[in-house]
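Before anything else, here's the structure in question.
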Amino acid sequence: MPYVNIKITREGNVTPEQKQALIEGATNLLHDVLGKNKKTTVVVIDEVDTDNWGIGGISVTEIRKRNN
Amino acid sequence: MPYVNIKITREGNVTPEQKQALIEGATNLLHDVLGKNKKTTVVVIDEVDTDNWGIGGISVTEIRKRNN
Amino acid sequence: MPYVNIKITREGNVTPEQKQALIEGATNLLHDVLGKNKKTTVVVIDEVDTDNWGIGGISVTEIRKRNN
Amino acid sequence: MPYVNIKITREGNVTPEQKQALIEGATNLLHDVLGKNKKTTVVVIDEVDTDNWGIGGISVTEIRKRNN
Amino acid sequence: MPYVNIKITREGNVTPEQKQALIEGATNLLHDVLGKNKKTTVVVIDEVDTDNWGIGGISVTEIRKRNN
Amino acid sequence: MPYVNIKITREGNVTPEQKQALIEGATNLLHDVLGKNKKTTVVVIDEVDTDNWGIGGISVTEIRKRNN
């Protein structure tokens, strides 16, 4: 019954299929490495606005601006 | 001053009254079991899209489809 | 399949029975209010050292000292 | 590489500049107090609807109503 | 710069090598599915006492007892 | 009533005074930037073993070994 939380920035480009791949991959990872029961493994993906995510003291919104 | 975080799927059916009942119930639970001060108990409810929540390696969106 | 996280200070006084009561209470709350399936409701209790928990800008260790 | 998560209520009044100030302030705080490397410090701000945040057993939506 | 948090029960049987495999696996997953930069992907593993983890309203400590 | 969670690695070198400084600093930050009430601001510091924290696909334990 592991619980996996994946936080990523919300940049309008993650498809339902990719989310399904993250869910499947994380569930398989816990099964393969620790033998955990896939049926009770919970995976939650949080998507965060780029204004709300900072690294190195700068918001991702600002980082993206500087990179473009 | 406990902090309670409740994560549920966002399926468009949780009313403000139900959220109030969750807040009240969780606050009372910490008070009744551990004698915690209701005034400083914080309850936060996170609603997560069904694409973003997986169990058994499958997203809830997909689970709901299969069940219908 | 709700996920409930309860964070409380670690003050050496929460018994296994009280933790079981918190787990049961939180699970029943999600069932009673939202009709959630008890079997897939996950409850995780985090106990945090009083040095590591602050309210009003003061650690709980310090608050406890001032109250004694 | 610290990770700082700031949860606040979503009341439509937090500007991108204020979010940037929170990101910068939290990053500087970890650097100034613990000498952490700013470049790998992650700050994530979660904004929560007032229906979904309770204190003292009452939702912030209700608290705001009573205060107005 | 994704952030992945893996919560598992603390049952004295997860080796440093298995933790490294979880870290590597989760990092590769975000890279393979979303093209995320491995260098800034953070993975944090939380181990929780079995008294502190409940599913179906019962602590894992109790579940383990019943299964033995 | 903001909630701030600071996650850092447990490397045996963070003193109670530094934790108090983190608590105070985070509380003041929310007050100064958003005018939040210090009295209801909660700060929780989580310390994570270096085996349990990975960046770039490598545990901090391993990173520290390579750097020494």
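Miscellaneous remarks
Just so it is clear, A, B, C, D, E and F label the chains in written order, and each chain counts residues from 1 on its own.
FYI, a residue touches a chain if its C-beta (ideal position, glycine included) is under 8 Å from a C-beta of that chain, and two chains touch if they have at least 3 such contacts.
According to UniProt, the chain labels map to these proteins: A, B, C, D, E, F = Tautomerase.
Here the structure is a predicted model, which is why all the values come from computation and not from measurement.
Within the contact network of the assembly, the step distance from chain A (Tautomerase) to chain F (Tautomerase) comes to 2.
In summary, the interface at B-C recurs among the listed pairs A-B, E-F or D-F; the equivalent pair, sharing over half of its contacts by residue number, is D-F.
Chain pairs D-E and C-F differ in how many C-beta pairs they share in contact, with the greater number at C-F. The distance from the centre of chain C (Tautomerase) to the centre of chain E (Tautomerase), each centre being the mean of the chain's C-alpha atoms, comes to 20 Å. Our note on geometry: chain A (Tautomerase) versus chain C (Tautomerase), Cα centroid distance of 26 Å, whole angstroms.
Taking each chain's centre as the mean of its C-alpha atoms, chain A (Tautomerase) lies 14 Å from chain E (Tautomerase).
Within chain F (Tautomerase), contacts with two or more other chains are made by residues 1, 3, 7, 26, 40, 42, 44, 53, 55. Chain contact topology: the protein chains form a pattern that is neither a line, a ring, a star nor a complete graph. For chain E (Tautomerase) in complex with chain F (Tautomerase), the residues that touch the partner chain are 16, 19-20, 22-24, 26-28, 38-47. Across the complex, chain C (Tautomerase) meets chain A (Tautomerase) through its residues 1, 3, 40, 42, 44. Chain contact summary for the complex, chain D (Tautomerase) toward chain F (Tautomerase): residues 1-9, 14, 18, 21-22, 25-26, 29-30, 32-34, 36, 40, 53, 55, 60.
Per the touch definition, chain C (Tautomerase) reaches chain F (Tautomerase) in the complex via residues 7, 48, 51-59, 61-62.
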